[in-house]
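Labels run A, B and C following the written order; every chain starts at residue 1.
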Amino acid sequence: MRTLISDVQLNRPRGRLVHRIVLVVVVTGFTLVFLGPLYWLVTGGLKSAREVVQSPPTLVPHELHPGTYAEAWRQLRLGRLLSNTLVYAFGALALQLVFDVAAAYALSKLRPVLGKLLLGMMLATLMVPAAVLVVPQYLTVLDLPLLHLDLVGTPWAIWLPTVANAFSVFLLKRFFDSIPDELLAAAAIDGAGPLRTLWSVVLPMSRPILGVVSIFAVVNVWKDFLWPLLVLPDPRDQPLNTGINSLSLGVPQNVLIAALAIASAPTIVFFLIFQRNIMAGLTTGSLKG
Amino acid sequence: MTRHPRVRRSLAVLAAAGLALTTAACGSGSDGSDGAAAPGTPAADAAAPLDPAAKVTISIDCQPPANKPAERKQWAEDIAAFRQLHPNVTIDSKDGFPCEEPAAFTAQLKGRTQTDIFYSYLTDLDQALDADAVQDISAYVNETSVPALKDIDPSVLATLKADGKLYGLPFSNYRMGLIYNRKLFQQAGLDPDKPPTTWDGIREAARRIAALGDGVNGYGDYSATNQGGWHYTAELYGLGGTMTTPDGKKAAFRTPEGRQVLQNLHDLRWTDNAMGATQGLKWPDLMTQMSTDKLGMYVGAPDDITYMVQTLKGNYADYGMGPMPGGKAALLGGNDYLFKKGLTPDQIKAGIAWIDFKFLTVGKGQFDYARTRNDGLPVGLPQPSFFTGASLAADNAAKSAAATVPVANYAPYLAAQVPGRTEPANAQQIYKILDTAVSAVLTDRDADLDKLLATAESQVNQVLANL
Amino acid sequence: MAATAPRPRPGRLRQRVRHHLTAHGFLLGAVLCFAYFSWYPMVREVVMSFQRTRRGRTTWVGLDNLDRVVHDPAFWQAWRNTLLFTVLALLLGFALPFLVALLLNELRGARTYLRVLVYLPVMMPPVASVLLFKYFYDPRHGLFNRILELLHLPTSAWLNSADTAMVSVVLAATWMNMGSATLIYLAALQNIPGELYEAAELDGAGLLRRIRHVTIPQTRLILSLLLLLQIVATMQVFVEPYLLTGGNGPEGSTTTVVHLIYQYAFNFNNYGSASALGLVMLIVLAGFSALYARLARHTDQD
């Protein structure tokens, strides 16, 4: 694929040298910056409680304490927290894909009355700091108006609010906007209703953006810690992020670091396994042009 | 984290009672009332003991979490023992760590979703009252329901009262003092059994400890996350000052004592060069330094020592505790259980009975030192410290007998008996402002103390006027 | 706007009604969620900003809450800090990912590897990254000062000094978050048709000119969108300073507006002021977005 710099240019001797140098520098630099901290994380968990706060810090642990990892796993109930997190993240992802894609499609292609107003109102939510809304949101979740349901302590309290993600709706809508209307017209002539058009024309073309939105959906749940703290009062139900933060001051530094390492491992491994699929959506051909 | 993270540690000191004898309060089922439930109990009945026939369920939070197995086991044992005494009372425990998280606490008060008996800091009563979320239990608390009542420090109980009404019961508290590293005292040629009790003494000791070199600081203090203001307050109390006027409407620290606190820190930092260049410290930085033998002294609470041993892997033998420098008053803080508004009289009685059983009876529950010792938890730290009189004497005797930590190391602290003084109203807002003054003194050699104090005073007045 | 194919031709009223109903059916799920979890709480929040609750009694206090907020000594400091954070975070968090994306897009051999690296931190629980950085920043036993020492550079107090605390927060935040932005830019870059570069090259355009005349215009839509969203998001920064410095930082140097809101609400028992400040923030951000939208339209017309 042609990018900023042409292959011809790269294949000239000077080009090749520059490319080489840049490559080596970038690869080394990035490895240090992004893998270095992870090395420190993993080895920190192997150090003793004293060594981990020793000045100056040690590059290689003096003696290995792999038991710290077992201790961290047990003390912080990491297995439980981890499976909670997965349930919350993927539930939120599924709901967001269904509802936000449908909404963005409607706003972009079906253009119902008041559609623009609704979109504007959705975008306005991006301006409100989550910390401000936390209490009114909590009061709402405790007793949903009209329905009088109490979602506290159930996964729905995590899942449903994530659907109200203006960023996702907006990204999806912008992307759908770029799909030529003629394609949809062709489907309509074939007698396809809106749902079938969405399913068989729009979605297959939208893999890149669906990938991006999916990642954000998962990452948002993954990152949140104030909200789960409120709506999941039982610590056994909490996701990893919240659970670790709550316990961070109550355990020795080496156990904490080991816990952080364990907590980081599953998603990193998941990412490494599926990175091809995650990234693939992004590298597939362009729709612009 | 802007409250007192220290209080999180109080869990470490939560020790509890074994299968115990009946306490006077709970056992006195003398008035074998037959009415299974006494609906619409008149006020007169509030003072009567819990009806043994009444079926009651109460929920309570701050059960020790799974990563504190010994404390958790003791909690379960005590629940079982309590159940023996009160077969009709069901206690529904909720764990959680930390026991109070500011956002969750606020949201739960607003939504009234807290447990029936709920944990709070001694400074939280105002907030709970504003949310209309607490129950007046004055009529229920008496010498029968809480036999040790007369021996509970009135200044602690005062924090749980408003307009003469009592809303909760304490279960743990601390009074601040001077924590010091005995090993470094020895190395510096100081007597580890005689910690300094004045700021001049601290300066002298700090100079000698700092002279040991190798990155060792003589004295340390916090200056971030409101803890600088918190320690400023503690140090001002030690010199006899107060933060606000008695009505809490105006700042009252722009006094010679208030200035002296800043002057002490300034001298220690710049004249004596005994505090090191790294400032902006916050909990638990000083403990980390002391547990690695890099810090001689700082102002703190007894359970800091537990933290240094259990979490930072230090040794009890290395840490001593002396009275608050100045000795006029020691900042007092701690935790309590409040009662949720709308509980039935029987629920209130059951809740009081449980708290009394678990937390307020000498020799039982958290004061059952033999069990605490058997469970491998430390015995002998001067905390909690809400008992006075006969209960204090009995508790101290029992504690010394079962001690697993060198009690003698805290003798200077205990001997001085500095009176406790509670935190000012709206403490966090005041602390936040004083943080800046303390930090400026510790990072700017030429800081103008009078100006800092004047600025802090006007800002505190502004905040208090705007409440 | 051009009429789209699935849209019915005018005149057929019934079909039109049905079309709009179908469209709203598609919207229903999302709109309900927005209504319950965003719009309704927003309204409640606005209401609360004019109220005050004392001893269980809620009263209307008009602009008292706002007045109190504006006269808080921390008010202007919080805005200054927020602005500083936003500027720093944009310099690092907006420009850097774009440059990295440009670079990654060219380094064909190592692209996959580098892309994975940059995205790794996003995959860590943020609390883990933050606590890790806190550990690195420690002035006494931290890794960063050790590295500076080994390089014979002056060490820093990082999070412990009012001068460097905010920069340290931004550095950590950038490390944690730049993967997301990089990914989006990379996707945008890969959507640029190669012919455009070829054409530019034939015109004799050098590297920088190709960036200016091809890369940037082609990615402008996504760039400008992200810029707005990032400004809005960074001005709401909360988690990173909260976890790294406890929120306030030395001498209040990392107190952001949102942290001030948090403090009013949860530390100072003053929900009314929290809501009032939230409202101020909302107005500022909305004003900013409106201004931005105008500017964007103007540039579009050019």
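Please note the rule applied: contacts are C-beta pairs under 8 Å (C-beta built on N, C-alpha and C of every residue); 3 or more make two chains touch, one makes a residue touch a chain.
All values reported here derive from a predicted model rather than from experimental measurement.
**Student:** Would you identify the shape of the chain contact graph, picking one of line, ring, star, complete or other?
**Tutor:** If you draw each chain as a dot and join those that touch, every dot ends up joined to every other.
**Student:** Between B-C and A-B, which chain pair is linked by more C-beta pairs in contact?
**Tutor:** Comparing B-C with A-B, the pair joined by more C-beta contacts is B-C.
**Student:** Suppose each chain is reduced to the average of its Cα coordinates; what separation in Å results between subunit A and subunit C?
**Tutor:** Those two chain centres are 15 Å apart.
**Student:** Once you find the CA centre of subunit A and the CA centre of subunit B, what distance in Å lies between them?
**Tutor:** Taking the average C-alpha coordinate of subunit A and of subunit B, the gap between them is 40 Å.
**Student:** Which residue numbers or ranges of subunit C touch two or more of the other chains?
**Tutor:** Touching at least two other chains: 140, 262, 265, 271.
**Student:** Listing for subunit B: what residues touch at least two other chains?
**Tutor:** Residue numbers touching two or more other chains: 1, 103, 106, 110, 215, 294.
**Student:** Counting only residues that touch at least two other chains, what does the list for subunit A look like?
**Tutor:** Residues 53-55, 134-135, 139, 226, 253.
**Student:** Quick one: in the complex, what on subunit C touches subunit A?
**Tutor:** The touching residues are 1-2, 4-7, 19-20, 22-24, 26-27, 29-31, 33-34, 36-42, 44-45, 48, 102-103, 105-110, 112-129, 131-133, 135-136, 138, 140-143, 146, 149, 175, 180, 183-184, 186-187, 189-195, 197-198, 201, 207, 210-211, 214-215, 221, 225, 229, 232-233, 236, 238-239, 243, 257-259, 261-262, 265, 271, 274-275, 277-278, 281-282, 285-286, 289.
**Student:** Using the touch definition from the top, list the residues of subunit A that touch subunit C in their complex.
**Tutor:** My answer: residues 1-6, 19, 22-23, 26-27, 30-31, 33-35, 37-38, 40-41, 44, 53-57, 98-100, 102-103, 105-107, 109-113, 115, 118, 121-137, 139-141, 144-145, 160-161, 163-164, 166-167, 169-170, 174, 181-182, 184-189, 194, 197, 208, 212, 215-216, 219, 222-223, 225-226, 240-241, 244-245, 248, 253, 256-257, 260, 263-264, 267-268, 270-272, 275, 279, 282-283, 286-289.
**Student:** Under the definition above, what is the set of subunit B residues touching subunit C in their complex?
**Tutor:** Subunit B residues touching subunit C: 1-3, 102-103, 105-106, 110, 126-127, 129-132, 215, 223-226, 277-282, 289, 294, 426, 428-429, 432-433, 435-436, 439-440, 443, 459, 462-463, 466-467.
**Student:** Within their complex, state which residues of subunit A touch subunit B.
**Tutor:** Per the stated touch rule, the residues are 48-50, 53-55, 75-77, 134-135, 138-139, 142, 152, 226, 229-230, 233-235, 246-247, 249-253.
**Student:** Per the contact definition, I'd like the list of subunit C residues that touch subunit B in the complex.
**Tutor:** 53-57, 67-68, 71-74, 139-140, 157, 159-162, 165, 242, 245-252, 262-263, 265-271
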